[in-house]
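Each structure below is given as structure tokens.
Presented sequentially are two complexes of chain A, the first with chain B as partner and the second with chain C.
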Partner chain A sequence: MPWQHITLMSLALPVLAEPMLFELQIKDHLFHPSVLYVPAGEKIKLLVLNQDPSPEEFESFSLNREKVILGNSKATLFIGPLQPGRYQFFGEYNPDSAQGVLIALPEAQWQQHRADNAN
Partner chain B sequence: MLINTVLMFLRELLPLFLLLATLLAWHSNQWRRFTLLLTLPAILMLALFSSNMLWISEQLDGFGLELLYSLLYAGCFVLLCMAAAKGVVALPFSALACACLLSINGSNLLLYIWLPGQGNADPSALLLGMALGVGIGSSIAVLWYYLLTELKQLHILSYRLLLSLLGVRQIMMASALLIQSDWLPAGPQLWQTEQWLPEQSELGFFLQALLGYEATPVLSQGVAYLGGLVLLLWCSRNLKNNRRSAQ
Partner chain C sequence: MRLFPSLLYIVSGALTLLVSGHSLADGRVVDKVYHPYVQALERSIEYRYFYQRQADHPDNNTMGQKLGYGFSVAERAALEIYLIADRVSPEDYKLSGYELELRWMLTEQGQYSADWGMLFELERQNNQDNYEFTTGLLMEKEFGPTSLTLNALAVYEWGKTLNSEWEAEFRAQYRYRWRPAIQPAIELYVGENYKGAGPSLMGVHKFDKQKQLKWELAVIMAIDNDTVDRTLRFALEYEF
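Entry: the complex of A and B
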């Protein structure tokens, strides 16, 4: 097969969109923000920044996710695509204080949320 | 602090103790050799991983720990398959499989025990929590051991099934880590049993440790689970003969 054909075929391949990035911080064994809004039906990338000197484990049964984040470091994890709804998460080493919820919004509500935040 | 420590220990130790009890029921006549073969690689891996946790976690765009743990979970499963299939290597491979799991759960526990913040906490609560967690976990494991010892005598197929479920649980754990690192496509969600049997309930907790129960599994996990279960059941088809030849 000529090289031109291969080039044309590769150009025709769909471009995989980079998942949207969301940020979560851990400070004084608390999640900031404690309520995180994300779009439903899309894979997202969650960056967790641990600003405490001690490690924490991001844990969520409903999201099927667990990840250790060492002290003063960051970690990334991929989530979804999610059904619209609420997904609890917590810090396993400090479950009494480190708690939060991720809310997956349907398309229309997500656009509304973005518009509200932009204003 | 006390309750958190108990739960933390139980969560990390129960899957390990269940696997250990299952393998000890299999190699009950060689338990000393099994313990020896388990201890050395487990200590080596534990020391290596724990001392390099920060470096490992920073590798591969921050997914180094996930990859290592998935390799260890998958290694545990493969070793169990090989142990079940080949009677000659059953004992060392079973011990190595257990060492793989011990190195993961042990590293997590060591990290928890030596948390920088734990220095300010009440050490008696930590010690009591550890003792309770180990106590509850080992009590369940002892009961599990005697149940399996009886089952092995009476109905080998049930023993094979339980061993396979414990083995394939490691595949479930590995796949979950690979999915969250975006190395394995998740696929659509298969079902949602969060309302009926939450993972954080006592039964959900036990089933998670035993057979890798997930309230919201995805397609790739389901495929990996079924494939792994069939493979381990097939590998263990001569288990009775292996045991006899070992004796």
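Entry: the complex of A and C
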């Protein structure tokens, strides 16, 4: 069996676990929230809701993602698993105003963050 | 959507088996390594150049250029139209053909363990009534700050001065996303009478909002005796 065949076979295996869902809104060319906490080490699903009538592009070099979200529309991004740290993102159509940061927390800090927000 | 990985595995396996066999293609092999992504509302003007060098090799001094205009036609599909100019010694440099290209993004980036797309290209050679149809799979997989991109392509040629035949091409690129403007990579190309690999460098510079310039430069060297020694590849893409 050629090596390319083996490589592609291993790359084609689907991921079955459903990733944790997070939501980000765009309104008046701003991201809400502008700081988003997520768990490190696991894939997440990010639903971006654009409430402006004009399109916006979620872009982040450190996250290796870019995605156009049409006006009054939504898009889903799949991110990670991430190393703990800060990942800047911005709106390519309105880079001066639409800015945010995604913070990936290690397990213990993530559990603490969830507990704090549950109270 | 979960049917995709299984189906794609079968198709990609078949294509890669083709690549590993004997190939008789007549076209150029060193070209862009395609990523499987399409952005809605994208528009671009693209220029590509390649030049091959080895004294006493039939492909010595061969040069090719492509000028393209691309635009998305749906959230997951983009079209690009190219003018192609070539110089194949001993002939003069000339406008040699036209090409229509469709890229189709099959899966959302990061949704599965790898991201998948498809490529369809139809090229007509000027004044010769020769055609070339290319199709295949585009795959990209993230490994931390690096990305592996694979293109497994099947090519069918036919026309007045060509024997009708199927061929296969394989392109690979392993890229380190160091910083937006500078991303080093290594590339591998396998196709008709060609097996080459070498370093490449690429990047993107943003001007304003969605206006940006992407650039790529690669020097591909032969890894067998039949392949022309050195191929220079250069590309510029202005997105707006």
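Here, the second predicted complex is superposed on the first by the 103 of 119 C-alpha atoms of A that agree within 3 Å, B and C clash if a C-alpha of one lies under 4 Å from a C-alpha of the other, contacts with A are read in each partner's own complex, and residues count from 1 in each chain.
Definition applied: a contact is a pair of C-beta atoms (placed from the backbone, for glycine too) under 8 Å apart; a residue touches a chain by one contact, two chains touch by 3 or more.
Owing to the predicted nature of the structure, the values given are computational and were not obtained by experimental measurement.
A.B. asks: A:E92 in the overlay: touching chain B, chain C, both, or neither? Say first, second, both or neither.
C.D. replies: both
A.B. asks: For A:K74 in the superposed arrangement: first (chain B), second (chain C), both or neither?
C.D. replies: Only chain B; A:K74 stays clear of chain C.
A.B. asks: Kindly classify A:N117 by the partners it touches after superposition: chain B alone (first), chain C alone (second), both, or neither?
C.D. replies: neither
A.B. asks: With both complexes overlaid on chain A, does A:P55 touch chain B (first), chain C (second), both or neither?
C.D. replies: A:P55: touches chain B and chain C.
A.B. asks: Once the complexes are superposed, what residues of chain A are shared between the chain B interface and the chain C interface?
C.D. replies: After superposing on chain A, chain A residues 43, 55, 57, 61, 64-65, 67-68, 70, 76-79, 83, 92-95 contact both chain B and chain C.
A.B. asks: Over in the complex, which chain A residues touch chain B? Could you list them?
C.D. replies: Checking each residue of chain A against chain B gives 43, 52-55, 57, 61-62, 64-65, 67-68, 70-71, 73-79, 83, 92-96.
A.B. asks: For a test of understanding, state which residues of chain A touch chain C in their complex under the given definition.
C.D. replies: Touching chain C: residues 2, 4-5, 7-9, 11-15, 43, 55, 57, 61, 64-68, 70, 76-80, 83, 92-95 of chain A.
A.B. asks: Residues of chain B touching chain A in their complex?
C.D. replies: Chain B reaches chain A through residues 4, 8, 53-54, 57-58, 61-63, 65-66, 108, 111-112, 115-118, 176, 179-182, 189, 194, 198-200, 214-218.
A.B. asks: Contact residues on chain C for chain A in the complex?
C.D. replies: Where chain C meets chain A, its residues are 2, 5-6, 8-9, 12-13, 16-17, 19-20, 39-42, 75, 108-114, 139, 141-142, 144, 147, 150, 152, 170, 177, 179-180, 209-210.
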